[in-house]
Amino acid sequence: MKINQRIKKMLSWYEGDSPGVKRNLASILMAGKLGGTGKMVILPVDQGWEHGGARSFAPNPAGYDPHYHYQLAIDAGLNAYAAPLGQLAQGADTFAGAIPTILKVNHSNSWSTSDDQAVTASVDDALQLGCSAIGLTMYPGSDKFNDMVEEARELTREAKSKGLAVVIWSYPRGGKLSKDGETAVDVVAYAAHLAAQLGANIIKVKPPTAHIEQADAKKVYDSCNIDVSTLTARIAHVKQNCFDGKRIVVFSGGAAKGTEAVLDEIRQLRDGGANGSIIGRNSFQRSREDALDLLKTIIRIYQDKA
Amino acid sequence: MKINQRIKKMLSWYEGDSPGVKRNLASILMAGKLGGTGKMVILPVDQGWEHGGARSFAPNPAGYDPHYHYQLAIDAGLNAYAAPLGQLAQGADTFAGAIPTILKVNHSNSWSTSDDQAVTASVDDALQLGCSAIGLTMYPGSDKFNDMVEEARELTREAKSKGLAVVIWSYPRGGKLSKDGETAVDVVAYAAHLAAQLGANIIKVKPPTAHIEQADAKKVYDSCNIDVSTLTARIAHVKQNCFDGKRIVVFSGGAAKGTEAVLDEIRQLRDGGANGSIIGRNSFQRSREDALDLLKTIIRIYQDKA
Amino acid sequence: MKINQRIKKMLSWYEGDSPGVKRNLASILMAGKLGGTGKMVILPVDQGWEHGGARSFAPNPAGYDPHYHYQLAIDAGLNAYAAPLGQLAQGADTFAGAIPTILKVNHSNSWSTSDDQAVTASVDDALQLGCSAIGLTMYPGSDKFNDMVEEARELTREAKSKGLAVVIWSYPRGGKLSKDGETAVDVVAYAAHLAAQLGANIIKVKPPTAHIEQADAKKVYDSCNIDVSTLTARIAHVKQNCFDGKRIVVFSGGAAKGTEAVLDEIRQLRDGGANGSIIGRNSFQRSREDALDLLKTIIRIYQDKA
Amino acid sequence: MKINQRIKKMLSWYEGDSPGVKRNLASILMAGKLGGTGKMVILPVDQGWEHGGARSFAPNPAGYDPHYHYQLAIDAGLNAYAAPLGQLAQGADTFAGAIPTILKVNHSNSWSTSDDQAVTASVDDALQLGCSAIGLTMYPGSDKFNDMVEEARELTREAKSKGLAVVIWSYPRGGKLSKDGETAVDVVAYAAHLAAQLGANIIKVKPPTAHIEQADAKKVYDSCNIDVSTLTARIAHVKQNCFDGKRIVVFSGGAAKGTEAVLDEIRQLRDGGANGSIIGRNSFQRSREDALDLLKTIIRIYQDKA
Amino acid sequence: MKINQRIKKMLSWYEGDSPGVKRNLASILMAGKLGGTGKMVILPVDQGWEHGGARSFAPNPAGYDPHYHYQLAIDAGLNAYAAPLGQLAQGADTFAGAIPTILKVNHSNSWSTSDDQAVTASVDDALQLGCSAIGLTMYPGSDKFNDMVEEARELTREAKSKGLAVVIWSYPRGGKLSKDGETAVDVVAYAAHLAAQLGANIIKVKPPTAHIEQADAKKVYDSCNIDVSTLTARIAHVKQNCFDGKRIVVFSGGAAKGTEAVLDEIRQLRDGGANGSIIGRNSFQRSREDALDLLKTIIRIYQDKA
C-alpha cells in the first residue's frame, strides 16, 4: 500500500521528528482496514495492570491468553495493539510483524493514588519487541503532575532518539480537580494541548462533557463563544487545541456500555474530526464474535459508511 | 548587517561567556527591525502550557497553529520568538534560520502551586531545534526558590558550555510575598539582580509598581532617596540593579489591555533605559492585522520615533 | 534579511538534518553580499597548518595576524571564514557574531604523507567558538581512506547531533591515483559523490580537468556520451553527482595565479552551476586592496553581473 | 615576593592538603599590602544575593558595577575579593590575575529561612574563573545543619581535589539557638571548630560576645575558668578552638557602623590573634575615598602600626 | 605587584581562553625579576627522563636533589620551573606557592626513536601539585607527528577547561628531516606556528639557523626577501609566525656551551623580540654560584641592561 497524499500531509505536520519516528507513525497509519485514511482504531489491553486479571478478563475468559488480543486486533483489521510489557512480550515472537504494537511503559494499579504511576518498561524493551511506539499515561491536575511531565519528557526524548513514535494518554485527575472536572471540556482540551507540547505523536483523551471546570477558563469560553454544546463541537475544539489539528487525537470509549451507545458516540467523535478510537473493554470483554462485529461497525463509521 | 560599536560594547559586558554564547546573543541583537540598536522586541507564546489552548488562542483562533506565531514574529520584524518544545518544534523545520528562537525549558501549569515548575525540554533539544537561547522561569520568594536556583544554574551552565545564550524570566511569587509585593519595585529589582547573579544574558521582569514590599528595603529606599515615583525612574533603578546596566533587561506587557495603555507604558520603559519588551498576549490575542500595527508602533517607540 | 524561497528550497534538500543544522546552514547562505542567492564565497585560511606561516603569509605579511582574515572576509562581504582552531580562536571573541565561521577540525602538514591527517579540534570547540559548521578534509584514493571515512562519519554525526553543519573538503590523493588523476573529472565527481554520501552539507572539490583516470569509468563516460569537454560541462557533471544538484558544491581556486585566469575560471564554474568558490591564497596573499577588488568581482560574477 | 618562614610555617599546618591547595592558599597570604605577614583583609560582596542590589549598593551607587569592587580591592591592597558567580564573572577577564578571588558557591536570600541555602556555582566555575578558593556558608544549629555539612564536605572535597582552597563562613543560626546565642562565645567557638573539622583552610566567624548559650558548655567555661571577659580573650579562645591556632580565622565586621567603632573592634581582634578581617558593607557602602582610607588604617592595624 | 598595561595587553591576545588560563599565565608573567616586563626566563629540568640522572646531574651533583632546582629558580628570580612528575612532586609541598611551576606531561627517553613520547602525567596531577601550566613536547616532521598532534590537543583542551595554561615544546625531528633541518629557520618557524594553532599559550622552540630545509619554502623565502641572515632577524621571523607576535615564544639555549656564547645568543634573541629563554643544562650543570651569576646576567639582558 502506498503512502498517499493524505498520510504524507499528516506526517509533514511532525516537523521536529526524524524519519524514523515518521516511519513508525506511518506503520500505524497504514495498517488495517483504515490504512491510508488518516483514521485509526487501536486495541488497548492494559486493564490487567490497572485492575487485575479477573476484573479484566473474567467476562470473556479467552482474554486471559495474551495471544487472544493480538489475533483479535489482526482479525478485526485494527491499526495497532497496545499492552504492557509482559503481556505484549508473551505474543511478540508469534505475531512479529503482524500488526503494529505500542508498548505501554507506565501504569497505575488499583492501590495507586491519583498521582502515582510506575515506569514498567523501557524504550529498549520496545525496540526489542518490535514496537512502533511507546505509550505513556500522565495525570494533568494531580499534585505530582510536574514530576510526571519530566518523566514523560525523558521517555519521549529517548523513544524519539531511537526512532519510535510516542502515544500519550492524558487523563486529568487528582489535585483540586472535581470528579466532573476530569472530563470537563476545558480540562480535556488543556490536557490534550499539554500532550502536544510534550511531543506526543498520538494523543489520547476521553470524550469531554459540556462542563467547564475552571473559572478563568469559563470567562474565555463565554466571551469567545466557544461552542461546547454538542460532543461533535467539543471534539472539534479538542482537535483545535492540538496545534490547530496538526496532531493525531484519538478517544477512548470509556467504561463498558451498550453497543448502540458506543456507536452513537463514535459517530459524533468522527463528525468532530477525531482521528479514531481506542476501544478496550468494549471489545475484549465481549465474545470474540461480538467484538469483531462491533469493531467492523466502528471501522465503517470511520470510513464514513455507517 | 555588520555588528556595530554599540552591539560590540554590549557583548563585551559578558566577560565570562564564550564566543559561542556571544554569537547567539548577537544573533538576537542583530535580528529584525531593531537589529543593531541594542533594543529588542520578543514574542513569547507559552500561555498554552500555562493556561491551556482555549484561554490562549480562542480570542484569535489563528494562534492555535504554531506556524502562525513564527510568521507573525517574522513579519513584524521582531528579534526573537520564544515557545515551549512541542510548539517550537512544530515549525522549526519550516522556519529554520528565519528568526532567532528561544526554547522555554521549564513551565508551570494551571494546577501548579506558586513554587512549582517542570523541566519540559533540554539543552540538546535547543541545539537540535537551532535555537539561539534557552529560556527559563524562576520564582524568587517562593518556598522552593532555592531548588529553582540550583536547577537554573545547572541548565545555565550546560547551555553556556554548548554556546547557547540564557534568558531568565524572574517572577517573584509565593512564600511570604503579598500579591502587591510580586510587582513591588524593591522585589522586582532584587529579582532582576538574582537573575544577573545566576548568569542570565537576558533578564525578563515585569514593570514594577511604586510599592515597596520589604520593611528593611523601605528604610534604604527612603534614606538613599531612591526615586521610584515614576515608571521611568523605576525601570532605571531595575537596570542599575543588573550590574549597573551591563545586562540586557526586557519587560513584559503584563495582562492584555488597551492599545494606548500598552504603548504609553512602553514609552516609559524606553525612557527608563529598558532594552525592550516581551509582548505575548497583547500581540497574539489580537487579529494579525492589529498585532502587526501594534508591534510596528512598539518598534518605532524603541527606535525613538514614537 | 528574510529567508527567501530559493534558500527555503535549498534547505528542503537536507531532509535528514535537524532544524539546528539547517539554521546554521542558512546562516552561511544568508550572510554577506551573496546572502539569499544560493551562491557563496568562503575565505579559507588553513595554509599555515599545511605549509607553515611563511609560505602562507610572507607574500602579504598582514596575514600573519589572525584578525586580518576575519576583517577581510567581513569587509569583502563573504559568506563565511574557515580556519584551524588556534587561528580562529585568536579572533573569536572580537568578531563574535560578525561572520559565520567554519572550524577546520583536521589537517595535514608538510611532512604528512598522502594518507595522513590529524584531528586538531572538536565539535565542542566549534560550539564554544560560535561556529556555524565544522570542516574536514578527506583523501579519496589514499591507502587509509576507509579510516578517514570512519573518522569523518563520527565527526559528522556528532556535529549534526549538536546542530552544526558539516563541510567536507574531498581531495583525491594517494594510493594508485596518478598525479593527473587527482583532478581527473571521473575522480573529482566520484570524490564529491562520496562527500554527499557521508552527509556533507557543503562539498568542496577542485575544478576537474577533462582527464579520465579510471579505465572502467572511461568506458561509461564514452558509451554514455558524458560531456567533459569544457570546464562548465564538467562542473555540471560534478553537481549532478551530488544528488542531482541537491547538495551545495563549492570549488577551490587552486594555487595562486593571475587575476584574469582566476576570474575566467570562476565564470565557467558559475555557468556550470557551482554554488560558489572557496578563495584562499588568491585572496589573502594579495594586498588587502587587491584582495577586496578581486573578491568584489568574484561576487559580481556569482551575481551574474560580471 | 618570596614565601617567607612565617608563611611556610602556616602552610605546614595544612598537612593533609595537596601542594595545589597550598599554592592557592599562599596566593592569598602573599597578596596585597599584608602579603607575607600571615594576616589578611578580604573584601566580600555577596549582599546583592542576600538582600538585593538596592540594600547593598544604594548608599554608594558606584558599587552596582561589578568592576568597582575588583578595583577597590586591588587599590586598597587587599588579599582577596569574594563574590557570587555572576558578579565575579562580570570582571573576571578584565581583572584576570590581578587579585586572588574567592567564588562564593552557596547563598541564602531575603526569603530564605534560617536553614536554607542554594548552591549557585560549581568548583569547575571556580577553576575557569581563575579563583584561588571557593567560599561557602553553613548554619550550625539550624534544623538542616547535617544536610549542610554533607553538602559542604562534597564541595570541599571536590575543590581540594582540584587544588582549590576552601573558605567556610560558619554562622550559627536557627534551630533552638536564641538570637543572642548566634554570637555567644561558646557557640561561635564551636562553629569555628566545626569548620576546621570539615577541612576549611580559612574560617570566617563573627566576633563573639561574652554570652554563653549552652548550659552544658557554661559549666565547663566556669569550671575551667575560660576567660571570655574581653573580646581579645574571646578571639584567642576561638583561635584555640581551631586546632590550637593552626587554622586561619578571620572575622566579619558585621553591620555597617561608625569608623572608630570598626577600628577599635579590629584592634581587639588583632590582639586576640585574629588572622584578619572580612570587611564588606563597611567598605563598599562608603565612598571609594572613605573606603580606601578605612582599609588603609585596618591594614596598618594588622601591620601593628595603628 | 599589579598587572600593568603591558601584561594586560598580552593577556588580551588569548581571546579564546578563560580567565582561569589567563590568571595562570599571568602568574608566570608576573613572577620573578622579570615580572611585569612581558619577558621570562624558565628553568626546565627534564634531562633526567631524557638521558638519565648521571648525564644530567653528574657535572653538578647537587642537582640530583629535586629541591636544588626549586631553590635555584627561586633564588635566581626566574618566572617558572618546569619538570617531570616525580621530580616536581618531590619538592611541591616544600615549595608550594614559592614559584610558578610547569608540569611536563610527556617525555621521550634515551631509547625512544624520534617519533616516540610517553604521557607521564595528567592534568589532575598538575592541579594537585599547584602548577600554573602543563608542558608538552611534540616532534613536527616525525612519522608519528599526527598522533602527537591529537594527543597534544586532548591534553590542551583538558588543561584549559580546568584553568591551566599550556606550554608546547615544538621540536622538529624525525621523518624526512635532515639533522640540519631540525633547526632550519623555515622548519622552526613552521613548528612554532603549529604550536600556536594547537592552542599553546607559551611556545618553546630552538634558535633557528639560516639553513632553509624545504625546497618549496626556499622559493618563498627568496621571492619574498625574508631576512634570515642574522639570528635577530630569524627570531623576529619566528615571532611573526606566531600570530604576528601575539603568542609568547621562548627559546632554549641548546647544548651546554661557554658563558659568553650563551649570553651573546640571548642578546640576539632579545633583539629579535623573543619573550625569553628556557635555560636548562646551561644553568643546572654549573655550580650554583656560577648558575646564579649566569642567570643574573641573562635577566639583565632581558631587562635591556646588558
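Just so it is clear, A, B, C, D and E label the chains in written order, and each chain counts residues from 1 on its own.
In the analysis below, a contact is a pair of C-beta atoms (placed from the backbone, for glycine too) under 8 Å apart; a residue touches a chain by one contact, two chains touch by 3 or more.
It should be emphasised that the depicted structure is a prediction, and the values quoted were computed from it without experimental measurement.
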| item | value |
| --- | --- |
| Joint neighbours of chain D and chain A, given as chain labels | B |
| Listed pair (C-E, D-E or B-C) duplicating the A-B contact set, over half by residue number | C-E |
| Chain copies touching (chain B, chain C) - same or different residues, decided at half shared | same |
| Interchain centroid distance [CA atoms averaged], chain B/chain D, Å | 36 |
| Gap in Å, rounded to a whole number, between the CA centres of chain E and chain B | 50 |
| Shared interface positions of chain C, touching two or more other chains | 19, 89, 92-93, 129 |
| Residue ranges of chain E touching chain D (in the complex, touch as defined) | 1-3, 7, 11, 18-27, 29-30, 74, 89, 92-93, 95-98, 124, 127-131, 161-163 |
| Touching residues (chain side chain B, partner chain D) in the complex | 13, 15-17, 140-142, 145-147, 149-150, 153, 157, 175-177, 186, 189-190, 193-194, 196-200, 214, 216-217, 220-221, 223-224, 226, 237, 240-244, 246 |
| Partner chain A, residues of chain C touching it in the complex | 15-16, 19 |
| Residue numbers on chain D that touch chain B, as the complex places them | 48-49, 51-55, 58-59, 61, 64-66, 84-87, 89-94, 109-112, 116-122, 125, 129 |
